[in-house]
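Below, chain A partners chain B and then partners chain C, in two separate complexes.
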Partner chain A sequence: MSAATSRYDAIVVGGGPAGLAAAYTLAKGGASVVCLERGDWSGSKNMMGGLIYSQPTGSVFPEFWREAPLERHVTRRDMWLATGDSAIKLSFETADFAVEPYNSFTVYRSSFDKWLSRQTAAAGALMIRETLVEDLLWDGGRIAGVRTGRPQGDLEADVVIIAEGVNTFLTEKAGLSPCPPRAANVALAVKEVLALPKERIEDRFDLDPGAGAAIEIIGETTGGLPGTGFIYTNRDTISVGVGVLLDSLVDNRAEAYNLLERFKQQSQVRRLIQGAAPREYSAHLIPEGGYSCMPRLYGDGVLVAGDAAGMVNAINSEGANLALLSGKMAAETVLACRERGDFSAAALGRYRLLLEDTVILKDLRKYDNATKFLSTHHHLFGLYPELMAALAREFLTVDQLSKAEKERLLLKLFRSQVPTRRLLKDFYQAWRALT
Partner chain B sequence: MAFHSVVCIKQVPDTTQVRIDPETGSLVRKGIPSVINPFDLFAVEAALRLRDEHGGTVTALCMGPPQAEEALRKVLGYGVDRAVLVTDRAFAGADTLATTYTLAAAIRKIAGARNDQKAAGNEGGEAGPRDADGEPVDLVFCGKQSIDGDTGQVGPGLARRLGFSQLTYVCSLLQIDPEKRKLRAWRQREDGRELLEADLPVAVTITEACNRIRYASLPDLLAAADKKIDTWRADDLDAERGRLGLKGSPTRVNRIFAPPVRQRGETVGEPGMEPAAVAALLFDRLSERGMKPGVARA
Partner chain C sequence: MSIDVRRFFRRKPGETAAGREDLPSPEQLGMPQPAPTVANKLGLVKFNPDTESHLRIIDSEVCRRRCRQKFCTHSCPAQVYRWEEEEKQITVAFEGCLECGTCRSGGCPYENIEMRYPRGGFGAQYRFG
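Here is the complex of A and B:
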């Protein structure tokens, strides 16, 4: 090693929520830390159209909602079962989510992550941007640092926290991945941001000023493929998108942008976004392999956090909160190991123990079979919403049939589409997978 | 022999995202990220290459609001040795006359107020505030123009105020002769290039053809994080208040407007038509407009 090579307590690879939470916590804890981000700035590679939750985010960045760039606090969560022209809507709304500490926010991650990175730098972490980590440095069997793509780009540290996101090149190089990345384990999300004046959004979505709605849509919107459509209200834009398991896209020769177009044409969706001007189009992968696809989370001189560690709860659309928490846990582990000067796998294994006690591993374990279940039960996304809408339509249509006749008709219609045995089997498997 | 270069950089709105408000005719700056004027990065690289070859130091100078520190931090990452930010409300609203006045005062201070006492329009001098780290300036580098103001006047203005020789629109820096203290460079003209030689000290403006900004080395980037950026206010410069900022700017902007949207070109013929038929159609269209197409013979 040349004399010019700098040495730090910790290197964090990736300036997303996991990496920033780790770097922030380490810096606050008095460790010297460098956070390496490949993008022009933290968030520049991000497209998430989703929610930031107050509690987990606030546990790392206290009272962030007072200063962070946020779009709207979400007071309403909707779930729709939709066909091409109909929708059954389940809606929950509460004033509790409109007061501090709130529950969740819509955000532009490009500005939100930039803000997080500023807090992290202010805490004393060294943020290095536009820098891709290409390889790991080894000292025997121990990871001793990283090799960046910059001239004289080697950097050494006691420990490397890998928070590289969904594409897990380094996690694999570290020998921690259990299985090669497969199309079955990732979802492809495509999203458009559409501009609409603030007041019109509030009128259209029936919201108090500043409040927001999040809508998740199952059914025709994904063309019957396992996935969901989503609509989020920002301050003066609406995020609209679909997320579908990648292998089902491939198997069905479907194009994600076509699905998004189809989604936007759905009657009830179209009404919400009418007249809104397109601003952005983006796409990203989401690791949805669940618990069984998680890598080993630690090794000699290394920890893995966030998307890189497969920490996404696909059922509840949670990822950023798990990333933040895992980054914080990784940092706390490193701080504890630093006191004893021991960064062996045995010492860093404490990270895993910390995670066991959190929602991260509890929820991921609970839903371990969910992704597999959903990907093998396409009819949940096509047939059932179609059927439910047909039943509702028939039941609510007033004509010459008596209610008793209607009930018989509906039951017959239902049975002709779904044999009782299959219904019971689906129900049982769904129960097993989701509870 | 080592040279001391000062590179002037400006923070500008990222024009790939700038819009003009059709109502007010002014730039919509809200939410538009700032970047370093792209031409200035070629100037930074030119100064760094000169230093890497001959030794010496490169000082980056920026006039702007406090957040322009970000631009200086960035060029420190490329390996610039020292960074100076001149920031004061008194500097705001400056046209190129007031800008060059302020920057020249800052450069004199960077030089330890020892440069060119006899230069035309020189308001500084030995009596002015001196910079403890001052070191005579051999070269001033600027981008050929800024992408927001587009005047291309600051480089030449600085040359005049400092009494330096000037080389504008330099597309290739050739060599510097330490003995004779001369700089040779190619200058881009509309109709070609010319090879020029200028005496030091010289102010040079650089075009995009000159070089490409380096991908900074990791040690340079890490070192930049610890460097201090000198921040000077109006009182730190030997300058008259009345010649700074808006007060010192005779230029008035009466109106800004977006140029009319260009009409779409006319398409002649349709896909799948015979080329000869399309040519005939084109001939007719041009004739209708009174144009008389001639026939070129091979």
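Here is the complex of A and C:
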């Protein structure tokens, strides 16, 4: 980077899924675009406790699964309700997810994002790595460029697409963020990657060669705090992690790494990861505030995409797919505005209209109350799994008690733990929050 | 049959933990308290530390006088923050920061930590991620 006033059609801040989808789409559309990444390479600062979905990813990077560095295609999704010593396991498995175009993949973000950035560079975008954007450049009320940490590192453009991720330094500076990430609307996820030979992973998780499992666990995993544990199979490693809403973590002074350790020691988890050697530890925030915590998505000369825009569906653990789609929509908006030479907020507002038609805003609106509901209903994560396990344990234990006596006992137990009115209220509110 | 249901502290909507010094202890809440394992975990991460810290305690008087709980020493997943009883201050081991942003997002309920990202090319570098 040499000239002090390099000028582009668009500057994309952040080389993650949102930024790369935007830069790739812009470059393919013939715009001059620069994408700035603070890490040594795209993905070097990233981690996920989720999956890469074929359809949305393929809608930006066609048939990526033929070449991209993927770990396993996921054929099985499990949900466990766990207590200290028991677990109720729901499992869905289908051969449909084992054939092209597959449905989802486990990946290492460090290599997957890097591959996406190579495609983006090959499409004609200028990728600049190891470069932190420190500030925005203004021209009156319009955002006119960015100031990077490099000497003479000012860049100008018609439009800046902010895809900076969950820590919304620039979105806040742009005055677009009504509620910057605070403990009530972010979750902290910590994860470990544990190495185990590929055949043993396939044996333990009961998988065909190359196929993968994704397990989500609620209950004792997070010490009853609102959050989930997760286990994903990679080719020859297993990703194990927990994610907890930050405010309850802070209030209870629980340490995320200690919750992770306890999760790993839980018997059902321990069996799966036994003998697996730790390879990496990572931590990341997830914006889980939902629809009502999203920033304004556009302004004069600026658009916001991905995690920076709060585009995470916490209920279904989706984020990267929404980031990719929003980046693509942002780029399409810029391409349309470019034809008319108008990058005012009014013209860029088209972005919001495009998003209205996608799963992004539809799903986020649908689940707007869900995070709030879950964070105020801690007992869903601790008490209900315990009660469900007690129910299963009692009915599967054959002893001298008649079934009618067992029913009475369980009813008494339920009533002592949850007043009937509370139970009905919980079900009603859960139904309201999720439908 | 008995069920051990822990009673968690729950705040009212809009309330923050700041100023709440009457919280039950983590032990009373049943939080796990194993030996620290963070140093081992961080040993697995590749770091390229900058010479200057990207993290700053804004006012150490707040840590000393107002924050009895030393929230950041619990909330940071990389245990960057430690309370030094003798010096009566929080030390900041920024070299091992995973750049998650917890400390700027409520990990310090007093909003007493200023976090920036390290300069381009510095900081944590995930090989898996």
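Quick note on the criterion: the second predicted complex is superposed on the first by the 430 of 435 C-alpha atoms of A that agree within 3 Å, B and C clash if a C-alpha of one lies under 4 Å from a C-alpha of the other, contacts with A are read in each partner's own complex, and residues count from 1 in each chain.
What we mean here is this: a residue touches a chain if its C-beta (ideal position, glycine included) is under 8 Å from a C-beta of that chain, and two chains touch if they have at least 3 such contacts.
Here the structure is a predicted model, which is why all the values come from computation and not from measurement.
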| item | value |
| --- | --- |
| Joint occupancy of chain A by chain B and chain C, clash or fit | fit |
| Comparison of chain B and chain C by chain A residues contacted | C |
| Contacts of A:155 with chain B and chain C, given as first, second, both or neither | first |
| Angle, in degrees and to the nearest 10, that opens at chain A between the C-alpha centres of chain B and chain C | 70 |
| Partner chain(s) touched by A:216 [first = chain B, second = chain C, both, neither] | neither |
| Touching partner for A:236 - first (chain B), second (chain C), both, neither | neither |
| Contacts of A:126 with chain B and chain C, given as first, second, both or neither | first |
| Which of chain B and chain C A:376 touches, first, second, both or neither | second |
| Chain B versus chain C - smallest C-alpha distance in the overlay, whole Å | 8 |
| Contact residues of chain A, present in both the chain B and the chain C interface | 131, 148-150 |
| Chain A contact footprint on chain B (complex, rising order) | 215-219, 221-222, 225 |
| Parts of chain C lying in touch with chain A, wherever the complex brings them together | 1, 3, 5-6, 8-11, 13, 16-17, 20, 23, 25-26, 29-34, 37-38, 40-42, 44-45, 48, 69, 71, 74-75, 77-79, 98-102, 104-107, 109, 115-121, 123-129 |
| Residues of chain A that touch chain C when the two form their complex | 38-40, 43-48, 108-110, 113, 129-132, 148-150, 166-167, 169, 180-184, 186, 188, 190, 192-193, 223-225, 237, 246-259, 261-262, 278-285, 376, 378-379, 382-383, 386-387, 390, 394, 409, 413, 417 |
| Contact footprint of chain B on chain A as seen in their complex | 4-6, 34, 126, 128, 131, 148-155 |
